[in-house]
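One structure coming up, written as structure tokens, with questions to follow.
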Amino acid sequence: MRIVVIHGPNLNLLGRREPEIYGRVTLAEVDERLAARARDLGSELATFQSNHEGALIDRIQAMVLASPGDDGLIINPGGYTHTSVALRDAIAAVARPAWEVHLSDPDRREAFRHVSLIRDVCTGCVKGRGADGYVTALEALVAHLRADEEA
Amino acid sequence: MRIVVIHGPNLNLLGRREPEIYGRVTLAEVDERLAARARDLGSELATFQSNHEGALIDRIQAMVLASPGDDGLIINPGGYTHTSVALRDAIAAVARPAWEVHLSDPDRREAFRHVSLIRDVCTGCVKGRGADGYVTALEALVAHLRADEEA
Amino acid sequence: MRIVVIHGPNLNLLGRREPEIYGRVTLAEVDERLAARARDLGSELATFQSNHEGALIDRIQAMVLASPGDDGLIINPGGYTHTSVALRDAIAAVARPAWEVHLSDPDRREAFRHVSLIRDVCTGCVKGRGADGYVTALEALVAHLRADEEA
Amino acid sequence: MRIVVIHGPNLNLLGRREPEIYGRVTLAEVDERLAARARDLGSELATFQSNHEGALIDRIQAMVLASPGDDGLIINPGGYTHTSVALRDAIAAVARPAWEVHLSDPDRREAFRHVSLIRDVCTGCVKGRGADGYVTALEALVAHLRADEEA
Amino acid sequence: MRIVVIHGPNLNLLGRREPEIYGRVTLAEVDERLAARARDLGSELATFQSNHEGALIDRIQAMVLASPGDDGLIINPGGYTHTSVALRDAIAAVARPAWEVHLSDPDRREAFRHVSLIRDVCTGCVKGRGADGYVTALEALVAHLRADEEA
Amino acid sequence: MRIVVIHGPNLNLLGRREPEIYGRVTLAEVDERLAARARDLGSELATFQSNHEGALIDRIQAMVLASPGDDGLIINPGGYTHTSVALRDAIAAVARPAWEVHLSDPDRREAFRHVSLIRDVCTGCVKGRGADGYVTALEALVAHLRADEEA
Amino acid sequence: MRIVVIHGPNLNLLGRREPEIYGRVTLAEVDERLAARARDLGSELATFQSNHEGALIDRIQAMVLASPGDDGLIINPGGYTHTSVALRDAIAAVARPAWEVHLSDPDRREAFRHVSLIRDVCTGCVKGRGADGYVTALEALVAHLRADEEA
Amino acid sequence: MRIVVIHGPNLNLLGRREPEIYGRVTLAEVDERLAARARDLGSELATFQSNHEGALIDRIQAMVLASPGDDGLIINPGGYTHTSVALRDAIAAVARPAWEVHLSDPDRREAFRHVSLIRDVCTGCVKGRGADGYVTALEALVAHLRADEEA
Amino acid sequence: MRIVVIHGPNLNLLGRREPEIYGRVTLAEVDERLAARARDLGSELATFQSNHEGALIDRIQAMVLASPGDDGLIINPGGYTHTSVALRDAIAAVARPAWEVHLSDPDRREAFRHVSLIRDVCTGCVKGRGADGYVTALEALVAHLRADEEA
Amino acid sequence: MRIVVIHGPNLNLLGRREPEIYGRVTLAEVDERLAARARDLGSELATFQSNHEGALIDRIQAMVLASPGDDGLIINPGGYTHTSVALRDAIAAVARPAWEVHLSDPDRREAFRHVSLIRDVCTGCVKGRGADGYVTALEALVAHLRADEEA
Amino acid sequence: MRIVVIHGPNLNLLGRREPEIYGRVTLAEVDERLAARARDLGSELATFQSNHEGALIDRIQAMVLASPGDDGLIINPGGYTHTSVALRDAIAAVARPAWEVHLSDPDRREAFRHVSLIRDVCTGCVKGRGADGYVTALEALVAHLRADEEA
Amino acid sequence: MRIVVIHGPNLNLLGRREPEIYGRVTLAEVDERLAARARDLGSELATFQSNHEGALIDRIQAMVLASPGDDGLIINPGGYTHTSVALRDAIAAVARPAWEVHLSDPDRREAFRHVSLIRDVCTGCVKGRGADGYVTALEALVAHLRADEEA
């Protein structure tokens, strides 16, 4: 079981970007923690970060084109959450279970962050829990895939 | 560790209500399945259903008033999702981790179901997964509480 | 053939509440007149009034749970007309022919009364005809049920 | 007692127009069935169809100008329901009881069909019942007129 | 100098239509009074009423096609004021000075009457003055045409 | 002179609910302070709290049904302020002078708290003054009732 | 018969302000031409210009306070057209016939100029006719006042 | 293969109507040019112009009622583009391939021209190309019909 | 203790301005009555009226600049209620307890009167009580200031 | 004559992406069919697909920078249709005739697909015709270019 | 070279008004600092403050009427930024380069401060930099005027 | 002191793209002129252009990752101004003073250009001044950085 973890724009700056909003943990630390939890759950991670909308779409498409062993998707689309129909279309196109994660809670920030174009093509959403949110999404996604396997 | 599971209005009709939208599983079956999973996770469930907005608020308040051992909340507020500021205020008031669950995906139904007044006082949301969604929320919530305990 | 007649919040004050809008007839008089007409039509009435949204939902659900001989529904949801998704869901859930009645015409009053959340789960609507509107709805509903019986 | 039945634009195509929405009954069949029911009720029908907004207004005005024996109005304004202030003004001007009928339920179709400019100058509305809706409107209207006669 | 006076839908019912809004003067009386004033001013009137949007457009077009001696336009478009882009286009197309007249003041009535699609292709507007408004428009239009002649 | 004081949903949690917004005074303390001030003013209080919209409506109706000596109303409708047409209708129905009180200032919080459905059926409003606001409302209401008595 | 002519903010710059929009005639020239026409019509003018909203209100109020012989009002409120409820209230308060004049056509300019807060307290409006528009308004207003005198 | 070409309101004035927007070619010239191109393509044209919304609907309906050899539709609905649900319903009802043509580009003109009620019942749209746009639509439509024939 | 009472635009016309809305009492009478009540309460009044937005701001600022003994503010901003951010900023800037008073109830009048730009910088609001509303505000404000003094 | 055909994001998945919406034909098959038709018409194609908004803009710019023999543009911008001002600016910048193509009809899907930011910089649009739509656009574009050549 | 610096309403309170938003520097100190910088740049300042919208307009107009040596404008319109079309018209009318300055950043405050009616008649805007923003605007404006002089 | 100058999509076409809007100067010429001015001011420039949103974000991030000597930012985000939350987040993340520049004035163009998602994370904005605007921004930014250095 392999889970793709996609971090969108500006998440590579984690730890040094507006820490009063996003915290001081770096993306490497988030990924390490997530990888450890994945090992516990007997699953594998493939992580990817880009500031390019097109590169994020390419990586999502790779789930069916180049890397068909990818079973599920965890995505924090950063600023593209609110503006990218193309990203949404990619998630819908690959037809894999997906979870949306946000470090802070976009619903408690500026009005233009209250719309998520990907919310209704994802199974679940965790937000405002910092790095813990990624772990929650991972556990939920693994459970989801196990349930589908058993069914 | 005790989790309160609250089912809002019309969920008592589950299994016989618009089965093309909500499926044929009954609420008793959902609750049984959830209880089994809770036992596996070493946690306890307290389930509650009502069609009365005030009764749902009373039960949420009981988490701090009458039943302080209640650690977390799973809630499917049904039609009150979209209209109840009072329910939202109750969830915020008790300050316990909460997950929002929907059997179908309200974001894919009528426009008046696209707003959730409780979304930003909950940590996460699962929707469109039928009864599986409750299990996912339970697992995420238990993990969340364990993480907080350890911290 | 039994018809459930549900009067929503504040209708128990009929006759003494803002008579320039709602008229001077009391709810007892409306119910008597309606019962007389029901007898003429060879049908039976079950009337119910409550100020509690949850109690109204409970009574609608009873049409399939406790009282399956209830064939159709006449409802004046009062102020809940404009705000209750849960009430709408209950009407849809029981899948019985329903008519919406209003004593005054909400479309000619304040803007927040121009939306009816139940309108598209009802077959018809009568408004602005005072107590006569209930009679019209009763006749239409009986005819509707007879037609379905014959079909 | 004479009831005017007005069918708006495209209703002459009934039976051959998008049958998955409007059904397979023709307008002639609707009118026949309605006429039979009118005879039962001891009333007379005058039916009229046009695709011309102005012709529909002329016919409504005729209720007070050329044909003062017309007592009530049943109207399915088709696409003009949502766009014609002039039609609404005509119905208000003749000051006769009126019922709005729709074969399908416009409130469950595209957003531009959710507004009815004539709704608040009509006493009642029936929709989503196919040809049965006309019969319901006829019965309600005859009852309404009888009640006014007796009063 | 000839002025075309166009009365839109339902104005033929003037005097008998909702007199609490529109008054008790008939259209014939309005036209007579207007004709008298036109004679005083040394101008000629051509009056026209129709309930048909297309017929109103035909008559406006006639100002350049069939009746090029028509110098100016006074129009009360009734309910088409708020909905007819085609009527607006016709007024713009003939490029004659035009005045908009309303017996009552649409800006003080329902919200859907607050938009006038012809307002910005007319030079002026008089409203809420009953039949006097037509006289005012006539005088203004004659003065306007005289000024243009002299220039 | 008797004043009814109604506290809406979640106000029973006062003192332990989000104290950074609502302060640390309990509802019992608010009520005691208010009762003391009422005694000074020679008036009597009847206080009531419920999380149930219907129960709040029942208590307001009791002002004319069961307890006609109730002269005025002070109400903090909590989350129902923004969503309850039925509560508004009840206040309008009993036709007693009413004051709206809020501990915090809803106009400085989330956008969905900026609408008050009861504001225009109340004489006055005090907000953002904590428990002092209730005292202000009491004094204003007693003065108002005295003025009416004298008139 | 005395007519008050009020020019709002920036109209004192007429002739040198954005001549491609407002033309090259100065305000003095407009006033002279208007005065000549007033003399022809046997009426008297009182003209006033200010950039101060309060001063414009003071002058309008003077029609009933200091200068009760003022019979009618012609006003070009400039930029206050779109923003001043206070100006509107003043016009309504003095209860004199009033005409709104604009040199250019605000309905053909930026969206924020499409709303006129005074339109529904005026009898008529002339726009887009440059200085001629004032003359038209004067003639209409004198005719209006004569008609009222005779009535 | 026969194509119906329908010109809506005011298009009969082409060549003399606001030539800076619509150009100087007359409708007869457009039709001639289109007929020539139709002959080249081995197809036949039936052209129709009216200012009456109802007449346009009648002609569209004739495609299935009176003139079933009509294979496709080219329509420039003029001002009805933006306001006519009835016209849209007619196009949908006859279920023939249709193209929308505009001489100028309504999306670059006033905001009320930016909505096309027929756009989603047409296969394609050409705009802002003057008379050439009709030719393009004809060629596309003939190709479309040939493709369907061959399929 | 000194209270500043500010009357906004057009309130100087009180008693002769639209008496069906504002009543027949003059501003002098309101001020006298208020002064009498102030004497009873052992406080002093400073009253001010202007039609000039800037003058109202100057007077509010004087509370901290020229007249620091001014303890609280009662303001009826008239038409500036709905349009003046500058007035709001002035009230916030002086940081004195303030009450908003309206003679009629703006929430029951035109839609553009439903917004109050000062509401959230005031402690309370009284409306629709005519001159009594000023007295209520005075009593509330004096009580408020006494409570602050004692604290 | 050379036509550039640009396929936007996710179109590379054609045939395997949501086939109930987009059909089972692959992009290669679309391109082959289009190339064949281009050969028939004596024109040449240059096709390009990318998921990167910037890459699409680069390719459009190449029409004037690197590849000036490109005469026209056919573009299916996929999800960027609704969100990319930059893409629109690129199309406007190269000033070549352009056609917008969509396989399904975005106007019949979710509301966020109803806006096309490129519609008013294209000459025409074909949608809902699957791969046939590209052929139609090609034919229309070749005809358009031939017409311009001849002119 | 002379620059006019205009401070709008409430800026005279700078230093004592809500210092957590506006800082503790007084307007005199801002003006001194600005004058020093102006001397360095070889330019002259004319500063003006008023709470009166009309007085601000008068001063702007003086740039072309009374004081034609004024070359550029720096304006902080305070609360009038969001509400004054008349101020905007004045800036446009004098046709001098203008810069908008705000001490705090209105785009980060309440929604009603997010619109600037003068933004599109100014060349630039500086905000959220306190008194430094004025200096920046001064330098930009002097550079701008020098560039125009040289051209 | 080093300033990063970022030109967004389509700016590489400057001089040949819609010259009636953007002028005839090329980007190379803008950059040369800017570099000359930077040398005068004793600062250094780093210029960058891309049509790729992600590449623009990468370059902005480089200010803190790869190129920490970059002190300030001048950015003309072209079409991304109105749609890119990710770009805005990048500017906020690097926490360097930034100025927004536009060659034309987007506030005077189409409505979709009136929103700037980066405006409130920039210190200032210059628009509608062509290439001069970049120079103004450079000077303002250098002054800003000098002031911060001195502080």
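Which chain is which? They are A, B, C, D, E, F, G, H, I, J, K and L, in the order written, and residues in each are numbered from 1.
Keep in mind that, in the parts below, a contact is a pair of C-beta atoms (placed from the backbone, for glycine too) under 8 Å apart; a residue touches a chain by one contact, two chains touch by 3 or more.
Bear in mind the structure is a predicted one, so any value in this text is a computation, not a measurement.
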item	value
Mutual neighbours - chains that touch subunit C and subunit F alike	B
Centroid distance [mean C-alpha coordinates] between subunit F and subunit A, Å	47
Between subunit G and subunit E, distance of the C-alpha-averaged centres to the nearest whole Å	24
Contacts with two or more other chains, residues of subunit D listed in rising order	52-55, 83
Listing of all chain pairs that touch each other, if any do	A-B, A-J, A-L, B-C, B-F, C-D, C-F, D-E, D-H, E-G, E-H, F-I, G-I, G-K, H-J, I-K, J-L, K-L
Residues of subunit D that touch subunit E when the two form their complex	52-55, 57-58, 61, 64-65, 83-90, 92-93, 95, 117
Contact set on subunit K toward subunit L in their complex	105, 107-108, 119-120, 123-129, 132-133, 135-136, 139-140, 143-144, 147
Contact footprint of subunit F on subunit C as seen in their complex	8-10, 12-13, 16-18, 50-55, 78-83, 112-113
